[in-house]
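Look for chain A in each of the two complexes below; its partner is chain B in the first and chain C in the second.
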Partner chain A sequence: MNKTSEIVIIGGGVIGTSIAYNLSKKGKKVILVEKGDLAFGASGSCDQEIILQSKSPGVHLQMAMRSAEIYKTLEDELNHPIEYKNTGGMIIIETEEEMKTMEGIVEKQKKFGFNVEILDRNEAAKLQGGLAEHLQGSTYSPQDAHINSMELTIGYANAAKKLGAEVILNTEVTGIKQENRKITGVQTSDGDIDSEIVINCAGAWAPAIAQMAGINIPIQPRRGQIIITEEVPPYVMGDILSARYIAAKYNPDILKNSNDPGIKLGVGLALSQMEKGNIMIGATREFVGYDTSVTREGIKEILKYATRLVPGIRDLNIIRVFAGLRPYTPDGLPVIGFMENVEGFFMAAGHEGDGIALAPVTGEIVSDLIIDGKTFIDDSVFDIKRFN
Partner chain B sequence: MSEKKPVYICRCQEITEDDIKKAIEDGARTVKGVKNRTGATMGLCQGRTCRKLIERMLARYVDMNEIKPGTRPPVRTVKIDDMVKGEEVENE
Partner chain C sequence: MKNTQVAIIGAGPAGLAAAIEIASAGGKVTLFDENQKPGGQLFKQIHKFFGSREHKAGTRGFRIAEKLLQDTEELGVEVLLDSPVYNVFDNFTVGYINSNKEQALQAEKIILATGASENALAFPGGTLPGVMGAGAAQTMINVNRVLPGKEIIMIGSGNVGLIVSYQLMQAGADVVALVEAASGIGGYGVHAGKIRRAGVPLYTSHTVKDVVGENCVEEAVIVELDENWQQIEGTEKHIKADTICVSVGLNPLTELARLVGCDFTFIPALGGHVPEHDKNMETTVKGFYVAGDISGVEEASSAMEEGRLAGIACAESLGLYDNQKASELKQEVWTRLDTLRKGPFGQKRKDEKDKLIKLAEGGEQIG
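Let's turn to the complex of A and B:
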């Protein structure tokens, strides 16, 4: 198979398919290449939360809020059941120290125009049953939502195909072709595809793809283990995180120095309920290379922490556990943009645990930057040079 | 003539033979690919009946030696309390 395309996208996760859809919508000829199948990486092994509260005030939150707008009508736009539900969400606060941190974050988010407030223990208990007595309270925002990430990926891919995009599965990119530091295409396990623009959306595997073009990017795989319970009647109010989840996300160093095995594994609570009734309980944040196995210790520590905060779930049965690799960057923001040294090589990866929340807006930003050379958001924060 | 009755492959999630066929037509070549597209194997029994049936359907398209089951343990359900209690006992 030898083909030609205006743009080649590498990676069939939620970011790659969203970009394929957005570029196709604007009339670009796109070929997406995926080494496995759709949503085979982090997009198919994550929780389902589109939580805005976990985003830091600034461009990060601005992106999430724009995504939230797009999500409201996305199901109709893609004509695919993506199970979007605007449920609202809360961040559970266990200690006084966490309360101080969350008060600071909430104040900044409010100034940014985001609808969020702090609740005391009693107010929080009215929203969610089964909470522990010792909790300080929680935050609450009506703007959080959730979605089925696999349906979302498939929905984007199918909508892109209807607009003329080609999606090639079970085909691995083995090389990036360039002449005089200018992209000319990709080599795959099934022939070459000629193209002047290549977009790297390979998530946790993006560093290996970038390396083929001679570029180093500071993305690392970070493992998240998640537990699924049996189907139960509606119980979880929407998206629930714990304040420690926020700490684990932004301060990995603090966690390293702890003796608590749960803290060492980066355990924070992410609790939500799927449409069919299964409750998802996550997650760890571990640096263990590309190992996607589930560990007894990880599962145990998640459940210990989850039942300490929400004892109401103790009697449920778990039916499935899994782990996925989030593409971690040192500052929690993705790398988006053309690379300076290789003309035509574009990066769109490194969303860590925000891939689902930020996929729609990432698709818009990338298609803007590629077609118009500018976008509605300050894209300098995504520049790879910030890590130098 | 009466309408053809649906053949259920995954009873827990009520996924039919036609649903699986559509997933394979859409490009699924592994049990995981079928699962992502249909939700089959994700119910209470975790694919104990349907996994074999899906593998047989896939066998027409793929070399079966290459199919990875993609099983996500536990194979049998476990009560959360039992997992947590075990830890408490160990600490005593």
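Let's turn to the complex of A and C:
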């Protein structure tokens, strides 16, 4: 296989396929290369939440809100069942300290035009059964939603293909070709593809791809373990997170200094119910390299924490567990944009646990930047130089 | 953490037979099942088994289960019921739920005997109450003593479809049609003969096109198929019925084998994707064994033999038998298995099983 394309996208997860679709829609010739199958990385081993409340007020929330708009009509646009449901969501608040933090965040989010409020324990209990008595309350936003991330990836890939994109699976990128610091293509396990633009959407594996172009990026794999229960009648109101999850996300240092094994593993609650009826209970946030195995300690700590906050799920049988690697960056925002030192090398990775929520908007931003050189939000926050 | 020598997941015929072998050799066994009762599908099998006397021929399935349970009890096998296993962690730690609590058991060897589940068939009206798997209908009549309906259409004429049809009639229902997409009956002639003699209308080269009803099944529309399995317009027949039973094959329940990383291969005659295993029933992950339908869909008699084989092999690797004793015992089982896998039905399975074993033992890649 020796091919030529205007743009090569590396990675067949939600981000890569969304970008492939958005670029194809604007008439670009795109080849997407994926070393496994579609959604083989984090996109196929995550929960299904499109939760806006966990995003910090600013560009992050702005992106999520734009994505939420796109999601409303995406199923029709892609002509693929993606199981999108605008369910609303809540962040459960257990301690007074968490309440203070969440009040601050909610206040700022409201000013940003986001529809969110704080509920007391009794109001929260009206929305979700089985909550613990000792909770302080929760936040609530009607704007949260959920989706089947695997169907989303397949939907984006198929829609891109219909617009002329080529999707090459089970093919690994083995090298980035460049001449005089200018991209000329990629080498793969099945021949070369010539191209002047290469987009790195390899998620947790993006650092290795960037390394091939001589670029260091501060993305690290962060493992999330998730539990699946048996199928049950509708039980979870929508997306449920816990305030501690938000803390684990933005303050990994707090976790290191704790002696609580659950906190050390970054355990926070992420609860949602799938279309079939199975409930997903997540998750840990751990730095263990590229190890995707599930640990009993992790599962125990998730269950301990989840049943402490929502004792109502105690009676459910768990039937399966899995783990995936999220692409972590130190400030929780992705790296998006052309790299300065290698002309034509574009980064779009590092969404950590926000990949599903931010995939549609990332596709728009990336296609804007590549075709027009500018986009509708302040993209300087995605600049890799912020880490220097 | 609790510990055991061998953890067996699934207390059906394969799992029970494996447990008995290991316990007889002096090993400590823990048997898991997610159901409240052990025995797997045996308790709903009220018909007599085939084969030779060694294979309990002439004995009814549930009697075989009673004997297996009695043996496990006498040998002191620990049986954990209502205990779904959700994962096996790296060092042979079995994660399971019991009494609503997550628990774990440390094992040295693990036998996966998780069985199979029924294939689904999609057709309009397929979600109406009254459409069910043939296995569900069999459980209702033979275990719960409840008649699922009065006028039944059976889709699929493999052994399950034939036997369940006959048992539904024995239980007092009318089987108003037996529908088979292939041009001939799938199961054993002796079962088909019973159905024919009872006067059940057989529709070969037919499939269900539509099932209609207000709140439950009221009628099915069946249609003839041409040699390319395409529906022939104008051949529709309307048949009044209140129950549609689907028996279109089984597929191995392999989730745990996938989770622990066993290599798989695709063999349609054995039910689809099956874990590769050697002559000891050991998978490509050392210390993990498979037995019964998980290693290729067959029947209870061969499941029990495979269970014995896995049990003997486990006992051997734990040092409970020396090599000579173990190979003698294994040879006896293999001889019986070869007898079971004879005839036009058995031979095909034997050929496919042989391929599977060759693959795990480093033979050439197939398919």
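Heads up, the rule we're going with is that the second predicted complex is superposed on the first by the 388 of 388 C-alpha atoms of A that agree within 3 Å, B and C clash if a C-alpha of one lies under 4 Å from a C-alpha of the other, contacts with A are read in each partner's own complex, and residues count from 1 in each chain.
By our rule, a residue touches a chain if its C-beta (ideal position, glycine included) is under 8 Å from a C-beta of that chain, and two chains touch if they have at least 3 such contacts.
Nothing here was measured: the structure is a model prediction, and the numbers come from that model.
Enquirer: Using the superposition on chain A described above, determine whether A:Y235 touches chain B (first), chain C (second), both, or neither.
Expert: In the superposition, A:Y235 contacts neither chain B nor chain C.
Enquirer: Considering only touches as defined above, state whether A:L303 meets chain B (first), chain C (second), both or neither.
Expert: Both chain B and chain C are touched by A:L303.
Enquirer: Taking the superposition as given, does A:N170 touch the first partner, chain B, the second, chain C, both, or neither?
Expert: first
Enquirer: First (chain B), second (chain C), both or neither: which does A:D315 touch?
Expert: both
Enquirer: Can A:V294 be said to touch chain B (first), chain C (second), both, or neither?
Expert: Both partners, chain B and chain C.
Enquirer: Quick check on the superposed pair: does A:I154 touch chain B, chain C, both, or neither? Answer first, second, both or neither.
Expert: first
Enquirer: Of the two partners chain B and chain C, indicate the one touching more residues belonging to chain A.
Expert: The partner that reaches more residues of chain A in the superposed model: B.
Enquirer: With both complexes superposed on chain A, which partner does A:A39 reach: first (chain B), second (chain C), both or neither?
Expert: In the superposition, A:A39 contacts chain B only.
Enquirer: Common interface residues of chain A with chain B and chain C?
Expert: 230, 294, 299-300, 303, 314-315, 317-321.
Enquirer: In the complex, go through chain B and note every residue touching chain A.
Expert: Those in contact with chain A are residues 13, 26-30, 32-33, 36-37, 39, 42-44, 46, 72-74, 77-81, 83-84, 86-87.
Enquirer: List the residues on chain A that touch chain B in their complex, please.
Expert: 37-40, 44, 150, 153-154, 158, 167, 169-170, 229-231, 276, 278, 294, 299-300, 303-304, 306-307, 313-322
Enquirer: Which part of chain C faces chain A closely enough to touch in the complex?
Expert: 34, 84, 86-87, 89-90, 93, 95, 97, 100, 102, 104, 255, 259
Enquirer: Which part of chain A faces chain C closely enough to touch in the complex?
Expert: 227, 230, 293-296, 299-300, 303, 314-315, 317-321
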